[in-house]
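Written out below as structure tokens is the structure these notes cover.
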Amino acid sequence: MPFSILPKEYGFFDFFDQHAVKCLEGAKLLQDMIGNIAEAEFFAKRLKDVEHEGDEITHRTVETLHKTFITPLDREEIHQLISRMDDVLDLIDAGGQRVFLYGIKETTAEAKELAEVLVKATHQVKIAVTGLRTLKDPTNVLTACVEINRLENEADSVLRRAMARLFRESTDPIELIRWKDVYEFLEGSSDRCEDVANIVEGIVLEHA
Amino acid sequence: MPFSILPKEYGFFDFFDQHAVKCLEGAKLLQDMIGNIAEAEFFAKRLKDVEHEGDEITHRTVETLHKTFITPLDREEIHQLISRMDDVLDLIDAGGQRVFLYGIKETTAEAKELAEVLVKATHQVKIAVTGLRTLKDPTNVLTACVEINRLENEADSVLRRAMARLFRESTDPIELIRWKDVYEFLEGSSDRCEDVANIVEGIVLEHA
Amino acid sequence: MPFSILPKEYGFFDFFDQHAVKCLEGAKLLQDMIGNIAEAEFFAKRLKDVEHEGDEITHRTVETLHKTFITPLDREEIHQLISRMDDVLDLIDAGGQRVFLYGIKETTAEAKELAEVLVKATHQVKIAVTGLRTLKDPTNVLTACVEINRLENEADSVLRRAMARLFRESTDPIELIRWKDVYEFLEGSSDRCEDVANIVEGIVLEHA
């Protein structure tokens, strides 16, 4: 391709794809950690690495944005999308670090459920974001966004059940503090996936 | 009016009005819940319905925004305003859900005070937002914004008193966790009203 | 200078400088409070005053922004920068108020470390923001931003150590709640300094 007037255009879609891979990777590590609490330190370290890799992609996206004159989406849309994706991974990492730092020894059924929903939600984020390349047929993108919304409702429902049980059954206040925090980070991560879906839907509507 | 060049223009003001009604309704439900803790489950369900209705209005606003070429306010202003109003209702709902999920059995004087300030603040939000239709005479709008700021200071002052008493007098750590969280959601909701007031003041200044 | 086509242009840089001074002042008051817990009430009052002074500067910046036709930076950049600086001071104040309201009686080594890192970070924010006046030589600005990022990593590392010790050694759950919250506010304040650095870096890149 010797002549290119808009050489960097599709680079942004590559960045989105790469970051979505990191979000899914982070969610899977958190799920593995919650299924193997005894190995929490090992998974916390790997998760922190993935979060740094996500930061790096975000940083390069913003830098490229400032250097690019003609962008395939509105500048603000690109900035919002990568920022909200970064929020997803930040929260996944924050939750995972707390599982380790709080010295949690045993897992709970609700933590496993929340982690599973989160893995599904980040998988749908990957589908939605990858679909942005071909906006002329946005069916897959919108289906993924609807599914992310459904998953967030599911996460919210698990969180409510988890919290009600925690406050009903806990006798150790420090154990309650540990799980209350971790549950909120787990559900919050799915909630951040919904923010990404909202940005993506906005982009689809704008370019329909 | 047989001819309309900008047919959708005033629809945005209708959305703002409708959402403000939901915010006030939510605040009143939360106040009723706090005054009737034994009925918390009933009020929590109604509050969740109101929150979903607010979500629906927000979603239609954003969708309409993407489909409208000429808007009565800057696109960014419309998006910011409805998003910040949605944050108010989200936080009111989150606080109410916790009163129920945490299994709170008895109310406190400070919770009643915070709920009352919140009802007043959402009432002023309604006045401010409704006044945006007639920007040529923004006196009422700005008076409401000043009042929202005063109410947020009042909420902050009640919160400080409530927290100081909680940490001074509590002997049951789990009860302290319950109320600390609920107080923060209650005061946070008034704080979000102030964010709405800031957006509204910006719109008034921009169109003065 | 009898003729001025853009009379208000440099006023924005004055506002940034003034707010940065308040952020640094707030961080130093918080550090003093943590070193003199018995005087917490005195420092909490002074900190609240400084926070109000910061609010006032933010308010005047936004008001001026709405009245100014030609701005030295993008309007959005000015709004983002002053808002993120205000978030720094808000969080410093919120942390300080909690030290007082929670009735904390004794300090910890980690709180002192976090306060020291925060003073350094707000000092670098001041250097970065002041440097925005002379964007043709942004070396000092970018060096300060890199240093803010390094300090935030340091704060994060102290927080992790502090949290791990808190959950490992605490026997009094209410004391754990107190310090968990205060540590998070202290580290969060350094985190907000990084948000300011990101905005500043974006401005430098945009005007390079």
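For clarity, chains are labelled A, B and C in written order, and residue numbers in each chain start from 1.
We take it that a contact is a pair of C-beta atoms (placed from the backbone, for glycine too) under 8 Å apart; a residue touches a chain by one contact, two chains touch by 3 or more.
Small disclaimer: the values here were computed from a predicted structure and weren't measured.
In the contact between chain B and chain C, the residue numbers used by both copies make up under half of all numbers at that interface. Superposing chain A on chain C by their CA atoms means rotating through 120 degrees, a value rounded to the nearest 5.
Chain centres here are Cα averages; for chain B and chain C they lie 27 Å apart. The multi-chain contact residues of chain B, meaning those touching 2 or more other chains, are 173, 177.
Listed in rising order, the residues of chain B touching chain C in the complex are 160, 163-164, 167-168, 170, 173, 176-177, 180, 198, 202, 205-206, 208. Chain A makes touch with chain C in their complex at residues 62-63, 66-67, 97-98, 101-103, 173-174, 177-178.
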